[in-house]
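Labels run A, B, C, D, E and F following the written order; every chain starts at residue 1.
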Amino acid sequence: MKLVTAVIKPFKLEEVRSALTDLGLQGMTVTEVKGYGRQKGHTEIYRGAEYAVSFLPKVKLEVVVPSGTVDKAVEAIVRTARTGQIGDGKIFVSTIDHTVRIRTGETDDSAI
Amino acid sequence: MKLVTAVIKPFKLEEVRSALTDLGLQGMTVTEVKGYGRQKGHTEIYRGAEYAVSFLPKVKLEVVVPSGTVDKAVEAIVRTARTGQIGDGKIFVSTIDHTVRIRTGETDDSAI
Amino acid sequence: MKLVTAVIKPFKLEEVRSALTDLGLQGMTVTEVKGYGRQKGHTEIYRGAEYAVSFLPKVKLEVVVPSGTVDKAVEAIVRTARTGQIGDGKIFVSTIDHTVRIRTGETDDSAI
Amino acid sequence: MTLGNSRRIATTAMAASLLCLTAAAAFAQAPATPTPNKGDTAWMMTSSVLVLLMTIPGLALFYGGLARTKNMLSMLMQVFYCVCIVAIIWVLYGYSMSFTEGGAFNAYFGGFSKAFLAGVTPESVVETWTDGVVIPEYVYICFQMTFACITPALILGAVAERMKFSAIVLFIPLWVTIVYFPIAHMVWYWAGPAAMIGAGKAVAAASGDAKAAAEAALATVTSNAGLAFQWGALDFAGGTVVHINSGIAGLVAALMVGKRVGFGKEAMPPHSLTLTLVGASLLWVGWFGFNVGSALEAGATAALAMINTFVATAGAALAWLIAEKVFKGKPSLLGAASGAVAGLVAVTPAAGFAGPMGAIVLGVVAGWLCCFFCTAIKNAMGYDDALDVFGIHCIGGIIGAIGTGIVAAPALGGASWFDYTANKIADYDMIPQLITQVKAVLLTLVWSGVGTFVILIVLRVIVGLRPGTDQEREGLDLVDHGERA
Amino acid sequence: MTLGNSRRIATTAMAASLLCLTAAAAFAQAPATPTPNKGDTAWMMTSSVLVLLMTIPGLALFYGGLARTKNMLSMLMQVFYCVCIVAIIWVLYGYSMSFTEGGAFNAYFGGFSKAFLAGVTPESVVETWTDGVVIPEYVYICFQMTFACITPALILGAVAERMKFSAIVLFIPLWVTIVYFPIAHMVWYWAGPAAMIGAGKAVAAASGDAKAAAEAALATVTSNAGLAFQWGALDFAGGTVVHINSGIAGLVAALMVGKRVGFGKEAMPPHSLTLTLVGASLLWVGWFGFNVGSALEAGATAALAMINTFVATAGAALAWLIAEKVFKGKPSLLGAASGAVAGLVAVTPAAGFAGPMGAIVLGVVAGWLCCFFCTAIKNAMGYDDALDVFGIHCIGGIIGAIGTGIVAAPALGGASWFDYTANKIADYDMIPQLITQVKAVLLTLVWSGVGTFVILIVLRVIVGLRPGTDQEREGLDLVDHGERA
Amino acid sequence: MTLGNSRRIATTAMAASLLCLTAAAAFAQAPATPTPNKGDTAWMMTSSVLVLLMTIPGLALFYGGLARTKNMLSMLMQVFYCVCIVAIIWVLYGYSMSFTEGGAFNAYFGGFSKAFLAGVTPESVVETWTDGVVIPEYVYICFQMTFACITPALILGAVAERMKFSAIVLFIPLWVTIVYFPIAHMVWYWAGPAAMIGAGKAVAAASGDAKAAAEAALATVTSNAGLAFQWGALDFAGGTVVHINSGIAGLVAALMVGKRVGFGKEAMPPHSLTLTLVGASLLWVGWFGFNVGSALEAGATAALAMINTFVATAGAALAWLIAEKVFKGKPSLLGAASGAVAGLVAVTPAAGFAGPMGAIVLGVVAGWLCCFFCTAIKNAMGYDDALDVFGIHCIGGIIGAIGTGIVAAPALGGASWFDYTANKIADYDMIPQLITQVKAVLLTLVWSGVGTFVILIVLRVIVGLRPGTDQEREGLDLVDHGERA
């Protein structure tokens, strides 16, 4: 199995989720994160104090998929999360050795 | 070393944590996440606007353990996090190449 | 490519970030997490109810780097995040199989 | 004397004052300049403070909580700015445009004789609804100022989350000048009780040739009033001037500014119903200044307005909850808050005319109809009145305006109105009164709708109304103000 | 005349009025219907608004902040609903049941002669504690309405986070009907100053056969009062009616509804002490309406109640902080807020009777004992009174009720009470007064405890009191209202 | 009679009262003890409540929102504690030290004759600014208590996020005793209108030998006042006593406590501008109690103070926004809130003296200068006055104090001051008045600066002022109070 981790723009989450569901992926986990990258942040001024805020709100989506589904999942994310503007985000794929569904104790592919 | 990642129901965190501590695991990192899966979400209505909220609050627990302890850790999590109802969550095991304790610079197993 | 995950003290984030930027690493993702470890938590009392809070606020920093840069990145983090006191945190290095930049579709090293 | 010329106000104020006047008659033969009763002054100052509380933080939180986090500060800012700019304009020329004689255009707006508050001193007093009862003019100016401040702020909910601040900065002063001051003048400006009663008595006392002269004098006095006031429209605390006015302006603005980016596709749940509830509560609390203060004195009419403001609101909140329970399955906090505001809006014009049971009925009807409007009808129509300014303030205001014509009837426990020219409580005639109410509603809808449209057309050309799509996505807090909530 | 039959009220009100009456005597020989002083009316309207502020958003935030996020909106909703439903019931029959003559059951509850506010007009007035001083009845109805609204809302803290909304929807109206209106009648209903003083004077003036008749007349007047009032219990602003009443009801409800899922095992820290502090501050602010308004006029007793409400509260907050510092090491914000509320509760019955130094002592004692109760004793007993309604309102209320018997003593700087039948300030006799105070406390504990128990038994059968375990885990916001905070 | 000896107060109060006195003359020949007008009492009670609202939750939220999350509760706690401890001290000896005759040191502070409020009863009254108008002493004590409570709380913003609670616990009582009570006495203590007018008339009436005696008597009366009052400084509602005083104390405290850990290196953005805006709004709302209540009656001067408090604030907020727009590109919510507070501070001493147009100008100037100070100058100097207590309260206070000397001029629409010894409105002489204003400012700066310095030196030795670095990093909420926001 593979873990597909995508860091995307928050307002794209719903679209990405439904694209993945369409692929038959029934589970995913989402975290609110802050991203630093090419996309520029902004400046905040509070009275005299000026702060350059370089971290931008992003959403991190983690989905564990059977190895065979990785490419379709990545493609679906790229397709739906893309706006073409700086800051669209990244996808990272890594390997999961083992998976367990807590409720049933099922493991690996059947646990996803 | 292995990274054991468990996505569980929030109110189970304390139980899981103490089970892991009992195994002698002295460190872990926890993130509030939102999960999508078989467990159904709910509908929220604000005046005329209806929203199907499919993401549910979950807790993601990450614990890096020596390879030999993985099974015990997984077993402890399954045992304590299980309620038997849909949405109990998943455990993912992956490989960590290298670990460093920032304070001391110790590495690998002694850094956990 | 490698994923370097560092769990550090929140107020060290800015320093670590600029050290990594100095290495030429132009992207990273940050999550607010809670950590459990050797560093002791505190006790909160609300009227009669006493709670031992064992989780402490930490920041998790994830940066994907070309394999050759891992050591420099780890070193930079250790150097800047260290206060020498318990709770400074950990660094975990793991392997990323594949990377995609959503905006351009570039992959692997050129996507970081 | 025709109906159109009569002057109307809650009768209880006068009834009480008549008692006093009788009692006082033995001591005071000569008509001296009246001095304010300190109890009245205390209450009117308290009322002014309450209406400010209702606006900031009340309305600001009510609206802000309903917005998304990224637009929270912009919502607060817009309301706060609105209060500040209107307060200044009010003393520069707004008060004068609203509450002085306007010469040739007196039916539509006032003049500039009190611009910069010229001639007003701490000792200046103004008449209330009761002959012989006065309050310090500065207090009256402050009280009316708070009404001018909150009305344009109400509109902001309709265009929440997407109208850029620079456009709002210009919109507010233009809108109060072109729409609010005239409508306030049309509905509230009149010659005052002393002139009316005096002229009425002169007619009654005169005979022969003198009769015609006296009647002419009376006609002059009665026609020295705003258009809707001349018609005899009943509006105790601003159902037309404040709510229908801002409600229709909100609809026009929502249509002209357009829908929010992502509207209908992305979820836009309120970011903090907690703050919305705090806002709704402060609106209720502050509305006692609004409605009860509109009695202009701490007397019997004030007492009536107070109880009505309690029970109509409670009734409307419960009605909305029941509707939600029946049609959606769950009574919601936002429903309770929305219902309460709908009830407050509806009881505003009726507060000093209805009896408590009539007020409850009025509240319940407003709760149901506004709920129906903000859910079913609005969804069907598809416009993006973000925080339901039209559905609550305009619809609720219309229900209140027309309902006032009904519940003011003594047969239904109402208090009727006081006919100053006859110096007695009027015999109540419901059908003509209802027609008058409808006319006043239409006048407000047209004037405000057209005025708002024209202003926004102009602003769209000059500065533009909206930020870029990306900026709107980022949120107005950062884009307009460089801050985060 | 025995102690049990005498009527008691803060003396200062009368003292002031006596001066006025003397001064007025030269002008007014015939007893005319008194008209309200507008300063009194202004203050009583302000007070009503303040008590509403104290409830929404005050109490709602105080309680809501102590709940967990997932139950925040349910807490706000329950309080808001409570205000709305009780306001309506109050004008339908609650006011009548509380404040009219009740025929055969007059000692326990009133009648229905003013149901639907029959016969009340904007000009109607009611007597205050001072002979000849009246306020508009509508204002009095509003003021008392706010008391009826907040009392059942206080109970909700005891069953927070686990009682389902449908059960609460029924509980509130039943509870005010069966418990609140009767207790309000028992403690506060009386014939009024004019009747009492008149009958007293008649007895003094009569001689021979007429004496017996006059005494019988006096007995009729003095027995035209609620049970506790007949006993001569001192309760200035509602220590028994509001606080002991809701406090014991809270305990009974907490026991019958049962503990929260996870109680004692899972951490349940307050989700926002910020909001709790805002709530506590607004409670303090609004409590001036509650306590000072209970003087029913803007006179000397009001001034006394105001200073007492300041210093007792401050003293109690500091006392709780000191206790925490000594026993737990750290003075906490929640401790300060809890102490302040405990002080406010304790000074409620004493506000118009104690001197400022007595009030400080009363506050300090309440701060310490309530702290001891909410920490040590409660933990030992193990019941789940979620937000300490019993520990603060019932215990604080009892301390206040009994403490009032002590600090009212002129020897301790207190103001004693006014004996209307003798038309003078009473000689203070502490022991009998303390016994009376205890009797009133017991009456309240028993009536409210039993009444609450019966209502909940019935509701448990009909609709059930709790959501399912999973629903409770998910949180009442989503389950009951379909919303998130 | 020299300028230094004259007594000054808003003229409008007197003008109104003169009318009344004339009217009353026919009825009342003998000078009886005046009784309070209930309208005045109602307003002063309302004002006291408003000033409490302004402090908790107003100031607490304004400050708390600007702090970081980890210090939120500590900020709230410090303000709440401050209110409680000062309220108690005020009735123990603070009121006496401030408002009684102080024997040999009468120019600097009062005596202890009213310690524990000895001799004060519910019927006690105090004179206002108008001869013959009195209010209940308990109400006056409460009103002044709220001023004593908020002043030290203002200082806390300067040392926010880094002064340990145990040090604050001691600092507050010491500071009010050594700094606040004396300054309040110096600025506000005087013999009262009756004595002044009486002595003045006696001089006018006397001739020959009697003249010298009468003049000596007058001198005694006029010198029975605090130092700044003797000088003839104009300070309507506490520009010196409250704002300059707390502002300079804040600066001294900020310097002595030192910078926050990480200051200048780490970002320290406000954790909730939403709450800050709520706080700012409540400050504005409550400030009407502060400024208008300082008229001590519900009369013409109160009306003037009310309108000035509206428009100066609005003007200052807009001015700050314009400055931000011009110099930083974006008008911010924090700017609007800061500007409003700056305007409120500046109009405080002028509220009853300026005309509305003068008040607007004063507000605009204060908005601009405080903005300039809190951004450019503060950054250049590098001290860590965390929440800009100095930049807003001291600078704004000085602008107000000196500006009052200008805008009070009748030529500029001001109301001049009332010369009690001559019993008429004074001819206004701007230059000497400005010199007096500057003297009063300097007196306050020196007394408060030195006093604060000495107290902190002592506390630094005894308990220390700061937590450890790690503790400061962890946040005061957990370290000092064991709680989380």
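What we mean here is this: contacts are C-beta pairs under 8 Å (C-beta built on N, C-alpha and C of every residue); 3 or more make two chains touch, one makes a residue touch a chain.
Source: prediction; values computed, not measured.
Participant: Between chain C and chain D, how many steps is the shortest route if every step has to go to a touching chain?
Facilitator: Minimal hop count between chain C and chain D: 2.
Participant: In contact with chain B and with chain E at once: which chains are those? Just list them.
Facilitator: Per touch definition, common to chain B and chain E: C, D.
Participant: Using residue numbers, check each pair in B-E, A-D or A-F against C-E and return the one sharing over half of the contact pairs.
Facilitator: Over half of the C-E contact pairs recur in A-F.
Participant: Can you check whether chain D and chain F touch via the same residue numbers (shared by over half) or via different ones?
Facilitator: Under half of the interface numbering overlaps between copies: different.
Participant: For chain D and chain E, what's the span in angstrom between their mean Cα positions?
Facilitator: Once rounded, the distance between the two centres reads 35 Å.
Participant: Just the number, please: Cα centre separation of chain C and chain F in whole Å.
Facilitator: Taking the mean C-alpha position of each chain, the two centres sit 50 Å apart.
Participant: Using mean CA coordinates as chain centres, what's the gap between chain B and chain D in Å?
Facilitator: 56
Participant: By the touch rule stated above, which residues of chain F touch at least two different other chains?
Facilitator: 37-40, 42-43, 46, 267, 269, 328, 330, 332, 334, 482-484
Participant: Could you list which residues of chain C touch at least two other chains?
Facilitator: In chain C, residues 31, 44-46, 85, 94-95 touch at least two other chains, as defined above.
Participant: Using the touch rule from the top of the page, what pairs of chains touch, sorted by label?
Facilitator: In this structure, the chains touch in these pairs: A-B, A-C, A-D, A-F, B-C, B-D, B-E, C-E, C-F, D-E, D-F, E-F.
Participant: Where on chain B does chain C make contact in their complex?
Facilitator: 3, 17, 26-31, 64, 94-103, 105, 111-112
Participant: Spell out the residues on chain D that touch chain B in their complex, using ranges where they run on.
Facilitator: My answer: residues 66, 267-270, 328, 330, 332, 334-335, 338, 374-376, 378-379, 388.
Participant: Enumerate the contact residues on chain A facing chain F in the complex.
Facilitator: 44-49, 51, 53
Participant: In the complex formed with chain B, which residues of chain E make contact?
Facilitator: Within the complex, chain E touches chain B at residues 262, 266-267, 470, 473-474, 478, 482-484.
Participant: Under the definition above, what is the set of chain C residues touching chain B in their complex?
Facilitator: Residue list for chain C touching chain B: 2, 6-8, 31-38, 54-55, 58, 60, 70, 74, 77-78, 81-95.
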